[in-house]
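Okay, here's the structure, questions in a sec.
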Amino acid sequence: MRKAFTPLTILAAAMFAYAPIMIARAPYESTMGLVQKIFYFHVPSWFAMFTAVFVCGIQSAIFLFKRRPSADRLAFAAGEIAVLFGFMGLVTGPLWGRKSWGVWWQWDARLTMALLVQLTFIGYLLVRKYGGPGSDKLAAAMAIFGMFNVPFVYMSVNIWRTIHPPTTVIPKLPAAMGVPFWFCVAAFMLLCLLLLTMRAQLEHRRAALDALYLEQE
Amino acid sequence: MSGDFDSVRVVGVSRHFGRRRALSTISLTARSGEIVGLLGPNGAGKSTLIGVLATLVAPSSGEVRYGDRPVRELGPELRHHIGLLAHELHLYPELSARQNLTFFAGLYGLDRQEIVDRALERAGIVDRADDPLSNFSRGMRQRVALERALLHRPRLVLFDEPFTGLDDQAVGLVADRLRVLAADGCIVFMATHDLDLADGLVTRVALVRSGKLVSDEPADADLRARYRELVRQA
Amino acid sequence: MFRRVALLVLRKDVAIEVKSLEVVSTTLFFAVSCVLVFAFALVRDGSVVVDAAAGILWIAIAFSGTLALGRTFERERYAETLRALLLAPAPRAAIYVGKLLGIVLLLGVAELMLVPLVSLLFSTPFFARPLLFVGLLLTGTVGFAAVGTLFAAMLVRSRTRDIMLPILLYPITVPVIIAGVRGTAALLAETPDEPAALMWIALLASFDVVFVTLALWTFEPLMTE
């Protein structure tokens, strides 16, 4: 990863530079007009968030059962990145909603679910910061429970109410929209991967520094 | 009972909490019949070491071997052979001494009433056995706590500052009890910062400071001077 | 050994509670205050917002449940008895099961008082379909307590446990609240919607299975410092 990091960063930068051009060229959607184009950033940010959520949950389980500190650091990095992409989704969602539903916030199923998962991982970060000694294990439990909670949140909120455009629209996208969409998904996933690596690297360095301090004492 | 042992070996145990290192590669061995005094100033890592020995704290690296077998091989059965008495009493103040002891005896699978009766007798509170513990003085509670820790006749006896808040007479009783335990073949660890109490009781002294084992030697007359110097350095 | 230790812990908790009545009485009082506070928000001109009773009932259960969890584990923290429990020569998950049963029992007692109270104040026929309603209450309470017991037990070691418990607990137990409220509301409709209530009970039951299993699986490594 270390060798590939710089080229991949350049690639990601290039992709994000080109993405607006692709999105601008994509056809207008008849009913939504310009606002529909948020979709090219909105949906990929959720993809990235849920990737980070699962990385966080799985690494936390590894940390808990194999007692591997590096897994804990990766989980921490993933938790932060999940919240970051979650915010992107939560900001872009209402922008769309304002046009589509006429209000900023709708208690729509997927939006609510995203908010709840987001809350779980903000909770995760709060525990890490303010939980005191032993909070790494507490946070790991939160991440594992949060990960397993996703389907339950999804089901309960979904039955509760649904007015969101169904996810089934994605496979049916016309090629003119599909290509820029999947291009953006790839760009976001790459960004997610890069941020994750960078953030985890920072944690690894911090741990190494701690070890050096301990050595000194 | 299975899983019994007559030595405990701490092998390169470290434990850190973030940037704070509570224990730093500690190695020591204790055999049956020994009373090992873990001496050191407050915050030296004594309690963490006791926690590791009790299987309550997992070391960051290294391991503890009970009679040459590590914790993960022994499973929950191992805890039959460990008794812990800490500064905190490990008793429910709302319940009576008898209820407390009966409950903990049950946890260890001991159903017979005699066990509890004998423990109450040893603690010297037979006539007040059914009073809530919250009505007892610190010394009386500590005596019940001692009996609680020893109900299941553990092989490894861990004492963490057992004398705080006790009067001289109670200290004498606890000390006598410790000697009897060691004579019966127990392995006793006693963590304390109070040298006067350890002096003459322990058979071996492990000096701990800032998580490091500074020395590990048979108790002798020189102990006092060495300890004083150690505390001054800290 | 597992069952024996779990039951011993439960019996001990009951014995303490019967003696002091502290958690039961404070939890009940708190639950009643909750109901009143929400009543002021949701009752206008003497009539209640649709489905408010179902919501108020479950909010009262969740809030007072958090309080009860905190108090119950404060009791284990006071003389560090939780550590003594963890030293019992049984699988540590047995301690979890014992505490979980105690919390469920405690919340059950609170619900025994809460349900008639809400029913009386808002004239809601909770017991139009008694079996389904009890099913909802039971599966919901177990789900809430399953997550809560694990988190409260872990937080015994944490200095910031008072604030951390709700932060951890509510996001995870939102499905329980949604299912509880919607299921109850389905039963309270003009013509009780039994299939909907059953579906919510099924969701709660699967939540219970998943999270009790998870808790049993993670309890030992989580409780070892």
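We call the chains A, B and C, going by the order they appear; numbering starts again at 1 in every chain.
Simple rule for what comes next: contacts are C-beta pairs under 8 Å (C-beta built on N, C-alpha and C of every residue); 3 or more make two chains touch, one makes a residue touch a chain.
All values derive from a computational prediction rather than experimental measurement.
By number of C-beta pairs in contact, A-C leads over the other of A-C and A-B.
The most distant chain from subunit A is B, comparing centres defined as mean Cα coordinates.
Distance from the subunit B centre to the subunit C centre is 37 Å, each centre being the mean of its Cα atoms. Measuring from the averaged C-alpha position of subunit A to that of subunit C gives a distance of 31 Å.
Taking each chain's centre as the average of its CA atoms, subunit A and subunit B sit 48 Å apart. Looking at subunit B, one finds that residues 58 touch two or more other chains.
Multi-chain contact residues of subunit C, defined as those touching 2 or more other chains: 225.
Touching two or more other chains at once are residues 67, 133-134 of subunit A. Residue ranges on subunit B touching subunit A, taken from their complex, read 16-19, 21, 24, 58, 210.
Contacts from subunit B toward subunit C in the complex involve residues 51, 54-58, 76-80, 82, 84, 86, 88-95, 99, 103-104, 106-109, 132, 148. Partner subunit A is touched in their complex by these residues of subunit C: 147, 150-151, 154-155, 157-160, 163-164, 167-168, 170-172, 174-175, 178-179, 182, 199-200, 203, 206-207, 210-211, 214, 218, 221-222, 225. Residues 64-65, 67, 116, 119-120, 123, 126-127, 130-135, 137-138, 140-142, 144-146, 148-149, 152-153, 155-157, 159-160 of subunit A touch subunit C in their complex. Across the complex, subunit C meets subunit B through its residues 1, 4-5, 8, 12, 15-16, 19-20, 75, 78-81, 83-92, 224-225.
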